[in-house]
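Look for chain A in each of the two complexes below; its partner is chain B in the first and chain C in the second.
What follows is the complex of A and B.
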């Protein structure tokens, strides 16, 4: 592991970006497969093979293209492109804030895709997706602020190599981040805009009018995004790469566990509790840090 | 120096021409267009000619001008009193009387002893403001040529006073140039009051009850600012014998803190920060060119201009912290209120106050990075926001409504206009565009100085995403079937202006390293002796996003519109009960049309709920600001 770590450190920016672009969907897809397997076990089922997400994606690509209007797919393509770009920026060690803003741009394209089709189910999903975005955005920015306060830099490369354990300085920020990570992973109780669970909704929210290859692109974008988010979890434990990877995976399993144990919240509760939790855990942490200086 | 005087006097001449030349006289538009070209060209010349020069100060034998300005001031005061008495409103009368008795008393007691060395001056900041006033101002006047005839067509009850309208618009431009080039505080104050007068008269252009109410509210609040401004000037001169802006900055902080706070207060009123925000939202009854010119891109910027000018005096004081917080509160609360508004012009007004709040907060923090981003915010906001106002102005008459909920399928009815509007909105909050660049730097500036502000910014940005994205979604939704295209009725004048501003929105983002290095950095160097270092890698990334968008968007749209043919097009899913693509089978065999509405979350972000919170918090902060300055 340490040797892998050193190899990655020796890479240039473009090599790291390329590595992310090629490897992230494999990791993300595999994680999605594990997710389905573990979820199935929680529910007392056997579950699909771990590689099932890949089979699904391949099959989706072979489906007939059915659309409602000509431009709906373009939004999704842009969503995918900018999600990949944000992830590539992050893993290249660039500015964390810039990554976050770029990810927000990607998210906006996704929402616009949902609005663009003019279908009631999609529209409702898109509205809820914005509410989710607004719910998690402050906390994500606070993560960047907190990390800057400790390390004195927004550069992911600097933060990742910081010797002291960030988590000891940012426990509140980490807790807040875990909370909104459930929204970002699209897990219950916060999977308002579109749900993986058939029992939560009959029509699949934002993605109602997307099918075939476009739906596959949405899934793939989600894989990329998940890897990026786990990368942010890694940063909190960057002082010890082994521990960091372990915690990132544990976080993922923890989110699955939460997913299994909750029914969907109303948007009011989702939104209110996220902002409140951000204020209690994140803001207090930031203020304590600024007073310590 | 002659260029500066030309910029002040030339619009004045044009305004008089606009007043006297009879309407329908074809030469009017020719003169107007030529004047606008000159007004664009001269500030650009000013920039190019002074690119490598520091600030210049100009001595002026101005005894005659001083007397003229004093007489005009008395005349304006008399006119305001006349109008107020006629409308049976007495608060403005009281305020004007207080202000005038102060100024007249001051003139007779000290008038002979005032020594002004440099009456006019110009530095990079003034040039930036001149470019904004010149280019955006004249673009909006062009738009007015197309807009005003239609305005009167749609409002036959409003008396047609187009000459008077043109007169006020150009008079206002003249006064704006006066504000940004004056070093003599008495002149600055005079031009300041002229903009108040123009704003008041233009808001009341319709001359009905609602617009009179709004006009007087704006007048009252700006006069309160004016009274405090006048007090600041008198106090400053009596204690320090100083009447010049640049000398003010050289004086001891303890003695000039109170006048500086007074000027900042006047700036807050002009920029419609809390607790004065209500005049700007009320001012939206005015014709659209007024909203675009006075109430988003220039006059409200005069407020933050003055605050940025005096903020170095307040550096590192409790008063500066209060100023930062007032800006922060205005930024956050108005961004939240904007979520609950469905009136397009009101959303734009609240978003304007919000962005001005951010600039005020930057001025309060007063570090190189903060001032740097404040200047960028001024530029980016002026361009994108005036563009959006003008778009809404056109939509209002094409669709017969300014409500966002009526803008369904706008992209089918006004496709090109929607594209322009998307550029404007993206310019306000999305990643590669200007506002987000400045927010990015602002955030960094805040974290070092004032983490509370960083937190406010985190929440405020989230709110900003909300109201812009849902509006964007509304206008780009597409439905099945045909929609009536109404775009051809938009006049050429309006298209030219939209074109200029849309290109400018993209161009200022592409040119921002140039603007930063050649215009903003020298100004920051003069103030702080250091300039903020921008991370070149980040600039490259921003450019990568920008260019990829500029390339991918047209190509992608072209591909999906013309090349991509392999698809099967179906209707939207309506629970399996589609009657047609836009109607479904409801209960009792009825046919229901689908309707898509946005969330406004009134319960959380309603205006009446949050407005008073903002007012009370900011009033408290203002009292503290004056309290610490007075002792």
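What follows is the complex of A and C.
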């Protein structure tokens, strides 16, 4: 692991970006497959093969293209591009704030994709997605602020190599980040806008009008996003790479566990609880930190 | 490379069925039968679906809905008639209000018999449908895109 770490440290910015663009979908897809397998085992089922998300994506690329209007695919391609861009920036060790803002921009294009079609289910899903964004965005920015307070830099490369454990300074921020990670991973109880399970409520929400290869692009963007978010979990434990990777994976399993144990929240509760948790855990942590310094 | 066989997504529509077959379709998703181990997902969205599983003897009210759902599904697509009502109309076939079978409205590819159809036979039928899906895909690739309206 240490040798891998050193090799990565010796890479230039473009090599790291390329590594992210090529490897992240493999890791993300594999994680999604593990997710489905573990979820099935939680429910006492056998579950699909671990490579199932890749099979799904390959199949979707072979399906006929049905496009409702020409703006629909344009928005989704931009969603994918900006997700890749923010992930590549993050893994190249660039500015954490820029990563967060371009990820928010990617999410905005996704919402626009949902709004540009006529289906009421898609509109409802897009409205819920906006509420989710408003719910999680403050906490993500607090993560960057907290890390800046401890390390004195917004650069991911500096934060990742900071020798003191960030988690000891930012336990509240980490707890708040865990809370909103459930929204970002699109897990119950916060899977309001496009649930993987039970398509009955609003059919498939935001992705109702997307089919074939466009749907596959949405899935792939989600894989990229998941890897980026687990990378942000890594930063909290950057002082020890082994521990950091372990905690990132444990976080993912924890989110699956939460997913299996909760019914869906209403949007009021989603919004209220995440802002309350952001205030209690995140803001208070940052205030305490600024008083200590 | 046989991706359709590995990830068929099923849309289930109840065309005036008595709910017997519908319960059996849902049962095949439960831990005992676990359709998802074949990569099969029960989707609620025709635009995501590859297989249309229809139960019940179709009547005039459900006819248009069925056609709508079928036309919204992207090619290649397969129709599975689940249960005796869907295959032939069963005991209702002489009723004045019943069309008597899905094949009066749509081109059916697989007929699953049984009243109500057993989960085992439903799974069998859907896996059979996967093979037809593969065939349809390779035909589409060879002959180019067939006309959307049949």
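Observations on the model:
Here, the second predicted complex is superposed on the first by the 290 of 293 C-alpha atoms of A that agree within 3 Å, B and C clash if a C-alpha of one lies under 4 Å from a C-alpha of the other, contacts with A are read in each partner's own complex, and residues count from 1 in each chain.
We adopt the following convention: a contact is a pair of C-beta atoms (placed from the backbone, for glycine too) under 8 Å apart; a residue touches a chain by one contact, two chains touch by 3 or more.
Just so we're clear, the structure is a prediction, and the values are computed from it rather than from any experiment.
Within the superposed three-chain model, A:283 lies in touch with chain B and out of touch with chain C [touch as defined at top].
In the superposition on chain A, A:95 makes contact with chain B only, while chain C stays out of contact range. Using the contact criterion defined above for the overlaid structures, shared-chain residue A:69 touches chain B, although it does not reach chain C. When the two structures are aligned on the shared chain, A:105 is found in touch with chain B, with no touch to chain C. When the two structures are aligned on the shared chain, A:133 is found in touch with chain B, with no touch to chain C.
Residues 64-66, 203, 208-209 of chain A lie in contact with chain B in one complex and with chain C in the other.
The part of chain B that touches chain A in the complex is made up of residues 409, 430-432, 436, 440, 443-444, 447, 451-452, 454-455, 457-459, 461-463, 465-466, 469-470, 472-474, 476-480, 535, 537-538, 541-542, 545, 548, 552, 556-557, 560-561, 564, 566-575, 594, 596, 598-599. Those residues of chain A that touch chain C in the complex are listed here as 36, 40, 43-49, 52, 55-56, 58-59, 62-66, 199-200, 203-204, 207-212, 215. Partner chain B is touched in their complex by these residues of chain A: 64-71, 73-74, 77-78, 81-82, 85, 89, 94-95, 97-98, 101-102, 104-105, 108, 111-112, 114-123, 126-127, 130-131, 133-135, 137-139, 141-142, 145, 148-149, 154, 203, 208-209, 275, 283, 286-287, 289-290. Across the complex, chain A is touched by residues 1, 3-4, 6-7, 30-31, 34, 36-39, 42-45, 47-48, 50, 72, 74-76, 137, 145 of chain C.
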